[in-house]
Amino acid sequence: MFEAVAFYLFAFLTIAMFFIVVTTSQALYALTALAAGMIFISAFFFILGADFLGAVQIIVYTGAVMALYAFGMMFFDTTREVKEKQGNKYIIVGLSTLAAILVVVIFAAPMMSENIVALYPAIDGVGNTQAVGLVLFTKYLIPFELAAIMLLVAMVAGIVLAGKKMDLSITLMHEAEIEEEKNKKVLS
Amino acid sequence: MEKYLYIALFAPLVSSLFSSLFTATPKKLFTGIMASLLIFTSLVSSTILLMYILKGGEPIHVTMMTWMATGDLYIPFGFVVDQISVTMMMVVTLVSTVVHVYAIGYMDHDKGFNRFFAWLSAFVFSMMILVMSDNYAGLFIGWEGVGLCSWGLIGFWFHKESATWAANEAFIMNRIADLGMLIGLFLIYWNTGTLQYDGAFAAFHQLPTDTLTWIGVFLFIGAMGKSAQFPLHTWLADAMEGPTPVSALIHAATMVTAGVYLVIRSHELYSLIPHVGLFIASLGTFVALFAASMALVNRDMKRVIAYSTLSQLGYMFAAAGLGAYWVALFHLMAHAGFKALLFLGAGNVMHSMHDELDPFKMGGLKKVMKGTWIMMVVGSLALAGVIPFAGFFSKDTILEAAYSGNHMVIYGVLLFTAGLTAFYSFRLVALIFHGEERYKLFGIHPHEAYRFMLWAMSPLLLVAIGAGILQTPFFDMVEEALNAHEYHIAHGTALIMLVGTQMFVGLAILYAYKKYANSRVTVPDGTSKMENSFAYKLLINQYYIPYAYEEYLVKPYRELSEVFWQKVDLKIVDATVDGIAGIIYSTGEKTRVMQSGNLSTMLKWMVAGLVGLLSLAVIFGLAARYSDEILTFLSALGV
Amino acid sequence: MLAPINISMESLNIMTLAPMLIPVVGALLILMIDVIKGNLHKSLYVTLSLLFLAMDFFSLFNASGIFVKDGTILGMFDVMLIDGLALLAQFIIVIASMLFIPLALTNKRFHEFSYPEFFALFLFMISGFQFMVATDNMILVFVGLETSSLALYTLIAMHNRDKSFEAAVKYFTMGALAAGFFSFGAMIFYALTGSIEIHKIAVVLAANGYADMGYVLVAISFMLAAFAFKLSLIPFHTWAPDVYEGSSATMAGYMSIVPKIAAFVVAMRFFEFLVHSDVVWLKIVLYAFVVITMTVSNMWALVQTDVKRMLAYSSISHAGFVMAAILIGTTQANSALFFYWVLFAFTNLGSFSMLWISRQKDLPEYQMSDHSYDKFAGMITTAPVAALIMGLFMLSLAGIPPFALFWGKIYLISAAITSGYTVLALIMALNSAIAGYYYLKLIVYMFMKEPVMGNHGQMYVANATLALRTIIGIAAVGTIFAFVVINPLLEFITTFVYNSGY
Amino acid sequence: MLDHILSLLIFFPALAAVFGFMIQKESMRVYGVAVSVIEFALSLWLWYAFDGNVSGMQFMEHLPLVPSFGINYTLGVDGISVFIIILSAFFTLLGIGSLTDTKKVKYMIITLLFLQMTMAGVFAALDAIVFYVFWELSLVPMLYIIGAWGGPLRIYASIKFFLYTFAGSLVMLVGMLFMAYFYYQATGVWSFALLDWYRLILPESFQLWLFAAFFIGFAIKVPMFPFHTWLPYAHGQAPTIGSVILAAILLKMGTYAFVRFSLPLFPDAAAFFMIPIAILAIIMIIYTAMVAYAQKDMKQVVAYSSISHMGIIILGTFALNVEGISGSIFLMLGHGVVAGALFLLVGVIYDRRHTKMMSEFGGLAHVMPRYATIFGIMMMASVGLPLTINFVGEFLSLLGFYQQSHILTLLAGTGIIVGAIYMLAAYKKAFFGEVTNEKNKNLPDINKKELFGLIPLVIVAIWLGIYPKPVLDPINNSVKSIVQLMHNKSTTELAKKRIPNLVKPKVVVIDKTIIEEVH
Amino acid sequence: MEIGLNHYLVLSTILFAIGLVGVMRRKNLLLLFFATEILLNAVNVAFAAISHYYGDLTGQMFAFFVIAIAASEVAVGLGLLIVWYKRNGSIDLDALTTMKG
């Protein structure tokens, strides 16, 4: 019963929050709502016994990602009201409701799956974090390492793109200008 | 003897090639002389061959080389000299020798002197192939070859629009007939397996009459074109645009008789299908009358002679159609002589009258041109069939043949036509040589032709006068080859017929003289009563047949061609192709707006794609899940 | 409590990682060199990258030797899967990359190549692609895909001009959406089967007899949408022309080859078992995708005024063409896919390189865009050799024999015929005719028009250095003399594909 | 060397063309002539070495190309193809030799040499894919020739030419792949070798579809009505040399392919489609002749006349008997010579006046008598006068088809009438009459270089008209074997009826003793 | 009332749909990126739920990696936005239409 109450409560909250994210014209509201929605989602993770995931959700999303977005917002000066020209609303609403209805229709039907064997069962008496660690560092070691590379890529990319290197475009400059620019750098 | 065969055949070719070397150079007299000599050589060889055949020699048959051989088809260049072909060879070489010599004088001042001889000799060569070939394909080579040379010679003065037009008309009309001939050849090949005369003739006896009829009809269509039989006759009169020697050689003596030759050559075929023969005879008779009627009023000297040629060709076909092949051949031979004579005489007149053709503008030329006058009169007498000139013997035999075959209508018409013939020929003579000297009105100073031209014409004069005596030896010669027989009519009847015919002819001549050989004759100006009568108009306009051809065949053809090009080819066929390409291109042009470049639109497209896939999935998934129910439902609906 | 886990090193098959790790090491090395000493010339990085790619190639060679001997290799807790498809795709990826990287040595300087990060990211990207194709675990596929994509977005943006940012942003945003689709699709499969490994999914679905058809179809829909994005199938293609136009020509050429082959391999792993089971729906949808993509993008290519954009649409069309192989799903078709793609790689890289060497920094007034058709007018008189080579590539793309793509084309069409897709074969063939038009258009401009005023031949080879000429030479030779190698190539590919069970 | 003479014939000009890039501009013409002389000499050597009594393939070459997919580089010639190869070398020589001063003459010669490679390749190929390779490749040089040296609409014309033929041949390619697949099904081995395919007897329904697929490719190339509209544009815009080779050789690829592929591979379908195709051919003959009559442009007249003649070739081909097929092959040569010559002739006048409109001319026979003579000879050859090359072919084609249908042959025969009409009308307009246009008064007559191109053609046109045996005999032998093959392969009643059996059934004399023994 | 797997799936779908709405209607790129985060989060909920109901950890793994991916995307996406913003002074999506057709 508690589970049901919790589910519906958080479901309502997340939906509401995310709805605000996509509809509000205040960027700050959107950001806040997104952060709140993320936290509510972590609640689901806790309900579902994925404690580690819930923690990660809060730390990574609400902590890191939201902070990044906040910086971004400040940078872009979007704290004011965002004016968006809207094209045909019917297309948007129509398409998304259709998509939702279609999938919901199917998901409302019970799955008849059999033959499902838990490959990496949650072991009784072992904490979620421990179990996750076990799987993560055996079976999913390679994806984990690759994820590290991915983060490295993202980091390098972020630095390259946001850094000073992109300020002057060599692509658009003539050879002579490039030389000039180089000399300037050496001199300074 | 083969040697002479080859000489007779190839001397004209050599002559032609020799002359053609000089086509681009100014006039060289020696080309004319050389050509005449070579043609004469051919004549001599032909004469030797004739002697050989007359002496009862076996027909000479040579096969020079293979022409075409594929599948079961085998066509060699084979030549045969038998009674029929040797007669034709004689006619061809004799007339052409005369014409060659004559042309040296006639074409004296012409720029294209050398070219003329090249064409003329080429014609002789083609004609020789035509008559000497031992198979239908070879005959067809000559057939087309003479057509080509006729085209070149009619259009010899190619700066004249009328000449080139006439040349093309002649060629195309002949082509129409050639198609018939070609089909005839195909029929012969697929039914007998060969195009050789002897092989084909032998096989004809085994064929059903239907097939033979078709063969006969198609071959005769070919003959109709070349011999200008109705309805393909209009080209012949127009062909008079060519130089007169050409008219004499091609359009009187030789080429136009090729059709007759074809029928005679295929007599073994036609004797198996008498109903076709009767048709030929009827058509010939009709043409005889039809052409003679047009000759009555025509005001163009050469055209009158041309119509008379047509008319005489009708006689020949009448004879051939009735099975009297030897008579046809004999008439062909005699006709070649006197008709060439007439043409050449007319050529002299033209020459002296500065190419004036209207006999009404002449008159009284007898004084100036005595030699020509004699020749023309003799030629006309022969044409009219007055005893004892050549025409009498040949034409009279045709009438006999018609009579003895009980074809009274044919007989009657031919007899009547004989009268017409006499009338129009002497109308011409009277207008040209007798009466007032009307030419003076036009400031012309006529003069007699070169003497050597007259001398050159003399062999023809001899033929015109004395060919009659050759009838018996000729009959003996061809008796076997053509399965000939004399026509025996009761003596009394024959005498009555003879006298009657001669009287009729004589009256016609007298009437012609009376009407045209007097001082009252003036140049018609289109005001006289006669000129406005319906009959006159009908005749002078050639029964409106050329007009009808122009209006109902040529023009529609031209317009249809234009429609095919402008409307069908460009607007339908091509436009369809371009249209397909255009549709593809414009679809691209129209739908490229999908690529608006706006990210939001792009994202919407993606979602739309997903939703599309999902809807398909749901529909399909539901259908799969409830397939049983759907099937029951459908079956309940009776699907 | 948990029992300690013992893992023997042998069972891990660590060598399966070698091909992917080599570029990673290379990338790290480049980054480190940059840290130690900056401002080094790009040729160093190009050579280093080339070196590591060569090593990558040899390790692949080594792996394929083992594959030929022992068959499919699983490694690292069965996450890594080195089968024929993985090897072939990696070969193509590595070879195309090796052909691509020397193109950085242009005469003129361009922004991206002036920074070592470009090369590092490039090598990371390759490694990402390699991971993506060498597994059937959807997590690894996803992570590999994202690694490479994120690197790719950056590489595009590093060209550093407005259009390239625009391109990168568009690509990125749509990529994010596609990532959402992918994960959602994977989720449904997971819900259905409790597994995210493709072969297990296949097994479980088959055991269930596809009972939850609706779910399966929804999952396929999402997956299809994700792959269709990556493979630029209509209507998920909208990024492609803009991204190709916005990025440098050489990058565009690269993008038309490498990311797509990676996506093709995954799609092949994913859809093959579905095509062969009774999912008729998938066949219909794929059929529609193939036909629409081929035809419509051809029509759009017809109306382009810029050569690069035209080539972008043509690449879309080619992708649609090759997608037919997945629809057909026989060994011949799957071999044809790789076969076609190898040949396509040579030709398409060649033609994009030709654009690349003619890239100007500022446009004369008669030129609307970087590579407008007008630019190439009368090229035969001003730069005959370049015109001939470009014409050659166009003919090859059009499928004129005996140039490279023709062989791919007949093999693929033959595969269609062999499996009874007659109408499809005809549509494929006729599309080549439509495509002929726009390839010809360039030929017409190059060979049959007079040069535009002020146009001198130098422009067409402005960027040419020995490296670029060599690469174009290799591509041209590969295109012309393809017929010499098709037999070994075909046998090689067929063996690999067949032994992988596809 | 004789073992590889076909490869030599194919690749020598290509190699020479590649080397041609190194030649200096002014020397290019000499180089081109030299190469084409060698090529022509090689082709003559091929003829010399060719055994006319053998009906099968000679000088076979075989090199595995893609053995796993059954593609082999197989070459060979028989009586059907050998002469077209010679003709193509001949025309390349004439074309290069009589090339007038054009811009970029170097590229023109290189292109022509490449074209020669593809032409030789098409006719020598005995593997479907190799055939297809050369077939498609031949489009490219021609595209360039039309597009770069053509008239004002050249780009439209060249693209139309290319795409139309390309689209058609792609359908044909699908057909070829199907054929290979059927072979694979029947034998378990992939093969594109024509001689292998000959052994395959397909059910009639398959034959019909495959025939249709091949037909589209070939018919567009020929070009048959209603796929012909690219041709007038191509001819109208192409430079002289382009038209010459297009008409003389490239169009023949289509008809040749009918004989090489459609007939022996699908005898039942050929017999089935005989009448419809014959009707198309007759439409081609009459309709295009009429369209030709309506033309104002001399070159278009010749262009449409080509279509008309191709109609007769098609008709002969679908006569399905030895006479017809031999005739059609001979007519391919004949039409090649004649149409090539006519286009050269039109080019002569175009070089002088830069117009081809007949209304601009008139009375040319006065100022250019030699030109008029040669034109006249070629016109008469085109009209199909006996003792010219075309007559042999036309006669045999029509003769052959007469066996199949009387009435259709009669209709087709009207071709000789309508053909004469437009040709004579055109000749009259251009050459006869007075010289009315001032510009024509001082036109120089035909010069030596032009004569170099034309005289050989005149000689050939007449020589082969009088003595076609050296060419016709080998053709006949090869055609016989094809017809027999078709007869043996045919399965339907209709085909058995329409395709003659050349092996006359032997009367078996039964020995009495044998019968007694049986008893 | 028992909360089953389907409940979570439906919830996930609804969230996903909201994300789609955001993706389609947002013109401000930053806010658009928010929407993509919603998409990924929606999937994560479902993964966690399936993982829970099947007693299998793989789902959690997937969710874990999805979070990592989302984080990296943010980094790169923001980098792109910054460089774009520096040039154009706008992150409005409608300004991104120089290439089309």
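Should a chain be cited, it is by its letter among A, B, C, D and E, assigned in written order, with residues numbered from 1 in that chain.
Here is the rule we use: a residue touches a chain if its C-beta (ideal position, glycine included) is under 8 Å from a C-beta of that chain, and two chains touch if they have at least 3 such contacts.
What you see is a predicted model, and the numbers here were worked out from it, not measured in a lab.
The set of chains in contact with subunit B as well as subunit C comprises A, D, E.
For the pair subunit A and subunit B, chains touching both partners: C, E. Among the chains in view, D has its Cα centre nearest the centre of the complete protein Cα set. Highest inter-chain contact count (C-beta pairs) belongs to A-E.
The chain with its C-alpha centre at the largest distance from the centre of subunit B is A.
Centroids built from CA atoms put subunit E at 26 Å from subunit C. In this assembly, the C-alpha centroid of subunit D lies 65 Å from the C-alpha centroid of subunit E.
Centre-to-centre separation of subunit B and subunit E, using mean CA positions: 94 Å. Centre-to-centre separation of subunit A and subunit D, using mean CA positions: 69 Å.
The set of subunit E residues touching two or more other chains comprises 5, 9, 16, 19-20, 23-27, 33, 54, 56, 58, 61, 65, 68-69, 72-73, 76, 79-81, 83, 94, 96, 98-101. Annotation for subunit B: residues touching 2 or more other chains are 581, 592, 595, 597, 599-601, 603-604, 607-608, 610, 614, 617-618, 621. Within subunit D, contacts with two or more other chains are made by residues 163.
Touching pairs of chains, sorted by label, consist of A-B, A-C, A-E, B-C, B-D, B-E, C-D, C-E. By the touch rule above, subunit C contacts subunit E in their complex via residues 138-139, 142-143, 146, 150, 153-154, 157, 162-163, 165-170, 172-173, 176-177, 179-180, 183-184, 186-187, 190-191, 194-196, 241-242, 245-246, 303-304, 309.
Residues of subunit C that touch subunit B in their complex: 169-170, 173-174, 177-178, 181, 213-215, 217-218, 220-222, 224-225, 228-229, 235-236, 238-239, 241-242, 280-281, 284-285, 296, 298-303, 434, 437. The part of subunit B that touches subunit D in the complex is made up of residues 23-24, 65-73, 137, 140-141, 144-145, 148, 151, 155, 158-159, 161, 164-165, 167-168, 171-172, 175-176, 178-179, 182-183, 185-187, 189-190, 557-558, 560-562, 564-566, 568-569, 573-574, 576-577, 581.
Subunit A contributes residues 1, 3-4, 7, 11, 14-15, 18-19, 21-22, 27, 30-31, 34, 37-38, 41, 44-45, 48-50, 52-53, 56-57, 60-61, 64-65, 68-69, 71-73, 75-76, 78, 82, 84-86, 89, 91-93, 95-97, 99-100, 103-104, 107-108, 110-111, 116, 118-122, 128, 131-132, 135-136, 139-140, 143, 147, 150-151, 153-155, 157-162, 166-167 to its touches with subunit E in the complex. Taken together, the subunit B residues at the contact with subunit C in this complex read 581, 584-585, 587-589, 591-592, 594-595, 597, 599, 601-603, 605-610, 613-614, 616-618, 620-622, 624-625.
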